[in-house]
Amino acid sequence: MVQSILGGKGRVWGYGGIIVLILLPLFLPRFYIYLTSLILLYGLFATSLNFALGYGGIYQFHHAVFYGVGAYGAALVITKTGLSPWLGFIVGPLASALLSFVMGLICIRLSKLYFGMLQISLGSLVWAVIYRWYGLTGGDDGIHGIPMPDIIATPNSAYYFTLIVTAASLFVIHRMIKSPFGSALQGVRDNAVRSEMIGVNVKRHQLAALVIAGFFAGVSGALFVVVDTTVFPDMLFWTFSMEVMIMCLLGGWFTFMGPMLGAALIVLLRTFISTFTVYWALFLGLILMFVIFFLPDGVLGFFQKKMKQKN
Amino acid sequence: MDFIYSFISPGFLSQILVGLSRTVILFIVASGLSLILGVLRIPNVFHGSLYMIGAFMSYTISVAFGGGDTGFWLALIGAPIGVALISLVIERGLFQYLYEREHLMLILFTFAISLVFGDLVKLVWGAEYKSVPVPQVFQGFVSLFGGLPFPKYNTFLLFMGPVVAFALWLLVTKTKMGKISQAAAVDREMVGAVGINVSWVFATVFVIGCLLAGLGGALVAPTVSVTLGMDHSLIMEGFLIVIIGGLGNIWGALLGALIFGLTQSLGILIWPQFGIVFPYCAVIVVLLIRPTGLLKSTW
Amino acid sequence: MKKTTFFLVFAVLFAGCFILSHTASAANTIKVGIVDTFSGPASTYTLDVLDGFKLAIEKINAKGGVLGKKIEYTTRDEKFKPDIGAAMAKELVLKENVDILMGTINSGTALAVSEFARKEKIPFFVTYSKSEKIIGEKGHRYVFNMNENTEMAGRAAAVALAKKPFVKYWIAGDDYEYGHAIADAVWNNLKRLNPKVQQVGQSWWKVGEPDLTPYITQIMAAKPDFIIVATGGASMVNFQKAAKATGLSQKIPFYQHTGTELGTLLSQGKDAPEGVYGTSNFLFYFPDTPANKAFVDEFQKAYKRYPKASAIVGYMTGQFIAEGFKKAGKVDKEAFINALEGLKIDSPVGPLAIRACDHQLELPTYFGITKKDTKYPFLVSTENQIIAPKDYMPTCEEVLKHRKK
Amino acid sequence: MLQVKALTKTFGGFKAVKDVDLNVKKGEIVAVIGPNGAGKTTLFNLITGILKPDSGQVFFRDQDITGLPPYVICKKGMTRSFQIVNVFQRLSVFENVQISVMSREGKTWNLFTPSKKLLIEDTDRILDSVGLLGKRENISGALSHGDRKVLEIAMALGGNPEFLILDEPTAGMAPEETERCIELIKQLSDKMGLTILFCEHDMELVFSISERIMVMVRGSTIIQGSCEEVRCNEAVQDAYLGGSDVCLM
């Protein structure tokens, strides 16, 4: 079984981590609080992708679409309607889930690479709509300075909001992975034909997994709006989807916390490599190649394996 | 009214011709992609980077020989070979150890290489736009029906398309190499079992596929400004073409490129503002009707 | 055991962050943080902004700096991605403690950074983004636009085109915000200045479209008198190449903003089409004033190339930063901004001022036509006509009415 | 219990299965034999819904199940194992079988109850019955070949089937493992009263446990009958067994 959170003492680590994260604003400068918020929401985004990709074995190539739709959904509700911003944070993820359902229905009958490619072309259409619907979405300039409710308007409160939502979402996702549905999904990933043969409706389970993944991607998109108060069409561009897959891979895509770790690594690497060279993509690419070559299970996967060998 | 007018105008035929010359570039690049996908099962994301490198190399060679006609012809031969050499190094150095990995890993690996190439190209060639002059013979245009101009260079492209297609056909069906690679595409254990060095077959196919990317870059260079980032716009189109044509099927790549090139150029005629969405709609329609592409996929 | 290793890795990472964060600068400098796209097709412009800026501050620092402080700068490459750009701006302000932000060619990033600058009260100089929203709809006290925006470029072109005899216009361009904004600005103002003009059609292609021939043949079939081409970046060149190859440039005249500019013409060498109408805000050979010549010589000496229009933007930004602090008399951001409002400097293109009401730099535009020149291995802009700021800039009221209350 | 009527399947001109008829009564053990490429696996795939037949019909307990998707057929009480090992590689032995049991119980849409609290006894009982209880926590991808084959059968049992199809259950097994497997199959039939349809190359096995045999060659049925009938049939001997002495055994 895929070990949940860092092996047997997972719970201890989890609580410890949460306490550290809660105390973080007391001693970290503001920039790092912002950075940690970003890591958390990217981590949630990557985890949602991993739900479909690592646990469901679905080639979700264009996951960024749901992230972007969640963000745009929230941003549009806040800026274009007079409704409560909190409603926006609900509408965004729901819009993502709905889109995920529709795209899933269309794509699900294809397998693997074809699935991924059809998804990329459909996703690119969504991107194109957002990119050129100037009246509504502000086109390629995006929407800026989205007003936030006072209670989450400061960096620290935005951080806590992100932390709470991320932790709650991760808890729910983890619960789902450990549920019968999660087991069946992993069965489908390992062997779809076999799953059918023991009575599992493969397509329907995959579709459900896609909707769940889309929903949580939307949640992380809405969190981005909270943290950065801006949205851009780039959030839906296919290269961003690649980056998120890289996060999953880097951290370990058969582990639960791997994507979070991957997100942390990518954000930190990007931030600190870019302070001394403009060629940060070059280094990122090299590191990535290294990881794929030597740590195919990702960083966390690698350590888990080592741990298991020890035991 | 405009709609009907646009159809009966002489622009229609010239639009088709122009669409066809675009098809040629797309075909050359996509067939390389398809070849690699079919035989090696690698969705090669840095194929676009190789196309870009092909264009930059063609600039360098053309400038080294004074920017004239000789420069152009040498570039047309030299740039693809240069790209092929790069790809040989990558295949022997990296890919041959990765063939058994999952597709997802390979996609991300090739994406990582494309990140590296993106920055390397900037390090080598700088940020300045580059331009390869059109050779003397192909400067200017010929007049078509109704006096509409058609660039001479595009006629050259129209000529090159069938040449490349024919060469590929020869390679795939008439050479031993081609037959082995076809067999390997279907069942690689079997080919290995009969004592053929599959590793080198794969290397050769990979290099030929990449050579096509370089050739595409060299051919397109005189018609556009050679810039960083020209890889990104192309690679997506390349993949979509391969998908609608049928993975690994070279003729599928041809068909896909035709659909892509023509829907685009005719789309412009029908609805100028939204000409660009037509190819994407075509992709979706094709995949909804034939989920695994138009022609038989080797997968 | 491995858990410990794992924990150590994390500890080292975080420790690294701390060390890096606490190497923040000594206080005796004025720090400028530059976020821009230094890779991809846009870098051909942004690197000139950077080099122009470097040239200006090196000169200032050589004379002892401003108020006894040297000007320092640090750069970040945002890869044309607004989310990364915004994060980098935050990093520069919150971690590197920069006093001033500068950049970027990407309007999305510029707007995002501008929003952040407003919250943090950090002066932000927009150096090559041309969105009119920057000082219009989204303008505020802390943002300054150091180059022309789409509305200005469009008005300048309209001023010149209104005097031409063309009636039937076609509009074509890159299908993104910038393309549409330029096209709309030219067309709306042209229509206002010359009500006789009529539009016969439009075509838009996606950004980065390599081969524009199909669009051009379609336009030629419609036989307009004149084409307004709203392209940016690499597609400036792509369009000119296709125009040359199809003979469009000999048959139907067309206009491109920055079409006569070195950034567009340099790479094409002698192969660029002649007779292209264009506007530009800087030409290194025009006007032939000592100030311009001196700047071009310095730039050439330092970087072994001719400066493009973006170079002057960087250079002037450096001048304005120095002069602003000099006038303010202290390193205080509010005083600095007050000083900048209405500040006039002597730039290579003559005396320039930042308008107090909207923080837009007032600069002249040159309208010209491309032509071969024996002096240079590329085409130059000829028949240049100077359009002075007062003739084409939107009024303060026009700009400020876009701002939200 | 199972009736197959004139089933035909063509792959691009090649008739993999042509006009096959097959009858299996409740409680029987029926073997399908035939040389490699005779179409045995294809036949099984057609019956279990993995492939859709070009023509012909499949009746299961007098219901037409032709062309139904596998998961529906499974719910009706028919399930199978595979020739090439088809287990959930990354999951533990326990989880492999548990998923099957959960699927039977219709629990796979339960999103929030932790799996580890569900249906433990049922699962353990099945593991016990096939002798895998001791390896419950092992990752199935790391099991020995024989164990994985047995796990296959355990997974099939998880669905609590009445009708079990086994595709070469002992292929690739070591002799003592084969022994164990034969015991298992006999037990399934005797104690649990399962109807079993299987195919196999090991003639020893076939003749020792099956009650009736169907012989397939190049996609068609040559004969269907009791062991003796098959053993003495000349066509079978020519095509397959290759010696007339066998009949006398």
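Quick notes
As written, the chains take the letters A, B, C and D, and residue 1 is the first residue of each chain.
One rule holds for everything that comes next: contacts are C-beta pairs under 8 Å (C-beta built on N, C-alpha and C of every residue); 3 or more make two chains touch, one makes a residue touch a chain.
All values reported here derive from a predicted model rather than from experimental measurement.
Note on connectivity: the fewest steps through touching chains from chain C to chain D is 2. Number of steps on the shortest path from chain B to chain D, with steps defined by chain touch: 2. Each chain gets a centre from the mean of its Cα atoms; the one farthest from the centre of chain B is D. Here B-C and A-C are compared, and the pair linked by more C-beta contacts is B-C. With centres taken as mean Cα positions, chain C sits 35 Å from chain A. Averaging C-alpha coordinates per chain places the centre of chain A 33 Å away from that of chain B.
Centre-to-centre separation of chain A and chain D, using mean CA positions: 41 Å. The set of chain C residues touching two or more other chains comprises 38-39, 175.
Multi-chain contact residues of chain A (touching two or more other chains): 279, 281. Not a single residue in chain D touches at least two other chains. Taken as a graph of touching chains, this assembly fits none of the simple shapes: it is neither a line, a ring, a star nor a complete graph. Those chain pairs judged to touch are A-B, A-C, A-D, B-C. Across the complex, chain D meets chain A through its residues 48-50, 69-71, 74-75, 79-80, 82, 86-92, 95-96, 98-100, 102-104, 107-116, 118, 137, 139, 155-156, 158-159. Interface of chain B with chain A (complex): residues 43, 45, 94, 97-98, 101, 103-105, 107-109, 111-116, 118-120, 122-123, 232, 236, 239-240, 243, 247, 276-277, 280-281, 283-284, 287-288, 291-293, 299. Interface residues of chain A, counted against chain B in their complex, comprise 53, 59, 106, 109-110, 112-114, 117-118, 120-122, 124-125, 128, 238-239, 242, 245-246, 249, 279, 281-282, 284-286, 288-289, 292-293, 296. Across the complex, chain B meets chain C through its residues 2, 9-11, 14-15, 18-19, 21-22, 25, 67, 118-119, 122, 127-131, 133-134, 139-141, 146, 148-154, 220, 222-230, 232-234, 264-265, 268-269, 272-276.
Partner chain C is touched in their complex by these residues of chain A: 6-7, 9, 29-32, 34-35, 38, 131-132, 134, 139-142, 144-145, 224, 228-230, 232-235, 268, 270-272, 274-275, 278-281, 303, 306-307, 310.
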